[in-house]
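Next, two complexes with subunit A in common: one pairs it with subunit B, the other with subunit C.
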Partner chain A sequence: MAEADNYEDTVKGKKEVDFAQFEDTKSGLLGRIQHALHVNPALVPLIILVFAIALFGLLLGQRFFSAGTLTLILQQVQIVGVLAAAQTLIILTAGIDLSVGAIAVLSSVIMGQMTFRYGVPAEISILIGFAFGAGIGAVSGFLVSRIKIPPFIVTLGIWQVVLAANYLFANNQTIRSSDLRAEAPALLFLGNRVEIGGANFTFGVILMILIFIALGYALRSTAWGRHVYAVGDDPEAAQLAGVNVKRTLMSVYMLTGLICAVAGWVMIGRFSSVSPSASTGVIGNIQSITAVVIGGLSLFGGRGSIYGALFGAMIVGVFELGLRMAGADPQWTFMLIGMLIIGAVGLDQWIRKVSA
Partner chain B sequence: MKKLLIGTALAAITTAGSAMADDHTSACLITKTDTNPFFVKMREGATATAEKLGIKLNSYAGQIDGDNESQVAAIETCIANGASGILLTPSDSAAIVPSVEAAREAGLLVIALDTPLDPIDAANATFATDNFLAGELIGAWAAASLGEDAANAKIAMLDLAISQPTVGVLRDQGFLTGFGIDTVDVSQWGDETDERIICNEVTSGNEEGGRLAMENCLAVDPEINVVYTINEPAAAGAYEALAAIGREDDVLIVSVDGGCPGIKNVADGVIGATSQQYPLLMASLGIEAIAQFAADGTLPQNTEGKNFLDTGVSLVTDKPAEGVESISVAEGTDLCWG
Partner chain C sequence: MDQKGISVMEPILSGKNLVKRYGKVTALDHCDFELYPGEILAVIGDNGAGKSSLIKALSGATIPDSGEVYLEGKQVNFRSPIDARGAGIETVYQTLAMSPALSIADNMFMGRELKKPGVMGSVFGQLDKKRMQDFARDKLSELGLMTIQNINQAVETLSGGQRQGVAVARAAAFGSKVIILDEPTAALGVKESRKVLELILDVRSRGIPIILISHNMPHVFEVADRIHVHRLGKRLCVIDPKDYTMSDAVAFMTGAKEAPVDA
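Our next item is the complex of A and B:
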């Protein structure tokens, strides 16, 4: 016992001892780049984003490189952006969420139908929509953390369930813009815009950026955020270190559901209508995963910056709008994005070697 | 590093910026998807006419049918690109309206092709098939072909979707009107009380759905002898279901569309008669209207007595019935699409 108790001797005796250190053993330019990328995971997507904007600026001139068009890109990516923020949380825990788009569409339909079918004031309807989103997230979180079903399977199921519930509940009715404007302007709140010069910032875009800033802060500077990274990196080690893994997972899935519901509200603002057949329900999951992966987040969890996901979404937006304005066949966009995904993951594998 | 990149990009852009300005009239074609032959033909018609008139045409499409988001993004692109006009087949005819309004406010001419917007006057004009008339023609043909037996016909109605999209309702109710059956409320199908209607089933407008729907109907009454189908793929599926029980030769199948595979099925006797529509004409007339609008601001006019411009419909069959005007399969083949 006495011998086992001397672990504090070094500190007490103030002896100079070399503790274990992470030393950068790789040298040369390539090694340093590899290290820089490892430390700043959002750097690659940011560079690609700047290059993409420059490229289309060169190709299309003023039409593209104007405040109006550049902020139009933000408007076009606001839904995928918010979904990507939600997806990031799940992917950081080494999970994947296939249901994000479906939750967004169902939430938007709930917000709309609560007001138009049941006469609930729009402000309350929005809160009900949020509650539904968080509730669906709680179901996923429970199944993942307590029943130990893999996230892929859980959200594959939830995706179908939510989408079907959405069609059944909505009765395939689209709520039109004229009705929304007349009876429930609160639902359209995020469609309002501030104009600065030629730049157009909708409230939805501003909300998206605020969500990223808030999550960026929470993930980097709060205990909860570090727990999320720890759980994604190695749940067993996190558990041993005293992190409540189940509760952390639960909170992540609920927060994700809530953010998806916010995305539903953003959708109403952007399209000025509520439609159960919005394609976000079907392809929103793939779009958000694409943004996250291009943004340099590791699908193995525990690594990457949430800002990467924002840049990833914007890269896709720049390519989509740029190629469209250039009059290219839309299939080229999908081909390019496919190559970007593979390139991004390849790069991720290379960067991972820095720590190996 | 970042500053350097942005600086380089800015420098490069300012030098290249003004060189790109061009004074061509440009137009946009936005379809539901770019894989359905109907829209492929539409694109061909638009491209050919645009080339002839010296208009720059950009084409966009949704990723899947019902993809409103991509169409909204496409309209925004057309506005940003300074196009003169947009030809649009809306995926969600109500949800797209705010974007169309924005385009019109920005001074663009918006023409709905094939599918009217909801409300129809949200677009400057609509160039479309008269789907009610298309249904009426096949209904009248079926009734005339049956002669006296029409009074005891057993009819299967193979519709599009449970949400009752306008196009499906118009064709269905047109068929019943042409056949001489009371449609009760003409704005929806399925509310009819006539006992000759055995079933209303939905097909999603494809072979698989057509076969399943026909099987369901035959389970209700195996003696069905008239089959209305929303389009030719659904008709082909219905034919397979009938062939499976050996009844393919004593049932009249009628349809709407006029695609080349469908016309071939008329020639082969799978489909008795079909109403042919003309997507290529819709698109080429649309491009001409945009050219006219860009030149002197003239707006397209509707067909007299209708709230859209009717691009025409013809009944295609090799067994013409008395009192119903039709064209032969050979003529239909010359005009078919897809």
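Our next item is the complex of A and C:
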């Protein structure tokens, strides 16, 4: 027995402090690139965005590379951009939200119909729309966090329910631009623009950027943000470490619903009309997921930067407008976007290999 | 001799008549438990003996069907690990409960983040990253884990031993009354295990009692002051490692040998 008991003495006696030292085994250029991406996940989409703008600038010259065109891209991506901000929150918790576009359309319809059918002041209608968005988010959040239904299924259902409710509530009516201008200018507020040089910034674009800055701050510098990442990374570990997982999920889904309602307001400003059949209701979810994935956020949750989603949305916008101006068949856009998605996820797998 | 000394002392954490059933399986069968101040109590038992259930009942991870838990003589009812933590009981789970993609500092303060003083903290909820990083660095170097250079590196870039070290440091930093360690050396190499055992002794020398769940008899016999042998959902006996051999302990926990009556 005695002999067997002492088998660890060799290490016991030696005072070794550096057995657990950090050697940088990942040497070489590739290793350093991987490390940089691991620390700064929004770097790749930013580089792709800059390259794409430079490429189309070279091909199309002044026509593309002007303040007017570049800010036009921002205007074209503002709705998807806001939806992508909302989608980012859900994807960070390892979920997915198929209902973002539908919530946006229903919220815009509620804002419009409250004003025109029920005579509520437009400012109050907007708040009612926000409340509805947050409310739908709360339902999804409850189903995901308490009843433990997978987010994909919950939001697949909510998407259909909300979209149908939207058509039923709106009676398939569209509120026209002239009526909005005459009676409810507040609904069109986000369509206003400021011009700086040749650049056109609509209030909607500015709001989108403010949303990203606010969420970027909240995710990086507040306890809530750290909890969102922890819940997406490993919910059980987060729970044991003292994070209230259910409450975090609930807050994420409610905030997402609210931001979707904001996207509804942005839609009214962008289209100058309120229509229940806006395409956002059907494809807004896929568009926002595309932006988020191209933006380098991991669908497995807990990884990525929200700015990546903004860059992702802008990459799609640059390709769409650039290829259209170059006279290419629009199908080329979809083909390129498809390749980007697969490339982005492949890159995510490589970055995450660092943990192996 | 210290058997007498201990019996006069009041246990800091104790369980009485704890029962926990999962369907038809009785994981805890009227189990008693006592942890005394300043000691390392090892809990050993065969797989399925109910060690984990006992620990979970003490740390708030499960709620026992019946029975009481006392902390410093007062009855406590933990509904969650957060409750137990609030009362000063820190648990290092076998899974470590860390978020791999987040930094060491983030992980140490998960669920109890420090906010900046003033408006930035109270209104905007801004975290005081500097203070958290300094604290984390201090705690790690206090326990001799100074070789972790960058407090902001992701936990997933650490080795198994380093992760365990961070988890123990987290528990030692915040656990004011009791620290529970669940299989701290199970996933580690020989050298890393040594370091963790040194950490455990170091924590005890600060006066914090430790519950150590382990399968590794040499480790248990090396550091434990008393050994709680768990069998068939209850405490079979408590032995002093100086009076028995490892073979005796294994024989007790597997039922190959009758338990000593005096314990």
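Definition applied: the second predicted complex is superposed on the first by the 332 of 356 C-alpha atoms of A that agree within 3 Å, B and C clash if a C-alpha of one lies under 4 Å from a C-alpha of the other, contacts with A are read in each partner's own complex, and residues count from 1 in each chain.
The criterion applied here is as follows: contacts are C-beta pairs under 8 Å (C-beta built on N, C-alpha and C of every residue); 3 or more make two chains touch, one makes a residue touch a chain.
Keep in mind that what you see is a predicted model, and the values were worked out from it rather than measured.
Undergrad: For A:Glu320, is the partner it touches subunit B (first), subunit C (second), both, or none of the two (neither)?
TA: first
Undergrad: Could you look at A:Gly81 and tell me whether it touches subunit B, subunit C, both or neither (first, second, both, neither)?
TA: Neither subunit B nor subunit C is touched by A:Gly81.
Undergrad: Under the stated touch criterion, which partner chain does A:Ala241 make contact with: subunit B (first), subunit C (second), both, or neither?
TA: Touch status of A:Ala241: second partner only.
Undergrad: Go through the superposed model and pick first if A:Ala54 touches only subunit B, second if only subunit C, both, or neither.
TA: Touch partner of A:Ala54: subunit B, not subunit C.
Undergrad: Quick check for you: in the superposed arrangement, does A:Pro45 touch first (subunit B), second (subunit C), both or neither?
TA: neither
Undergrad: Could you tell me which stretches of subunit A are touched by subunit B in one complex and by subunit C in the other?
TA: Shared contact residues on subunit A (touching subunit B in one complex, subunit C in the other): none at all.
Undergrad: List the residues on subunit A that touch subunit B in their complex, please.
TA: Interface residues on the subunit A side: 46-47, 50-51, 53-54, 57-63, 65, 68-69, 72, 75-76, 79, 172, 174, 176-177, 270-273, 275, 277-280, 282-283, 320-321, 324-325, 327, 329-331.
Undergrad: Across the complex, what residues on subunit C touch subunit A?
TA: 61, 81-82, 85, 91, 93, 95-102, 106-107, 110-113, 115, 124-127, 129, 144-150, 153-154, 156-157, 159, 161-162, 165, 190-195, 218, 221, 245-247
Undergrad: So in the complex, which bits of subunit B are touching subunit A?
TA: Going through subunit B, the ones touching subunit A are 1-2, 5-6, 8-9, 12-13, 16-21, 34, 56-64, 66-70, 72-74, 76-77, 80-82, 92, 94-95, 97-99, 101, 118, 162-163.
Undergrad: Given the complex with subunit C, which residues does subunit A contribute to the contact?
TA: It comes out as residues 1, 5, 7-8, 11-12, 16-22, 38, 217-218, 221-224, 226-227, 229-230, 233-234, 236-244, 302-303, 354-355.
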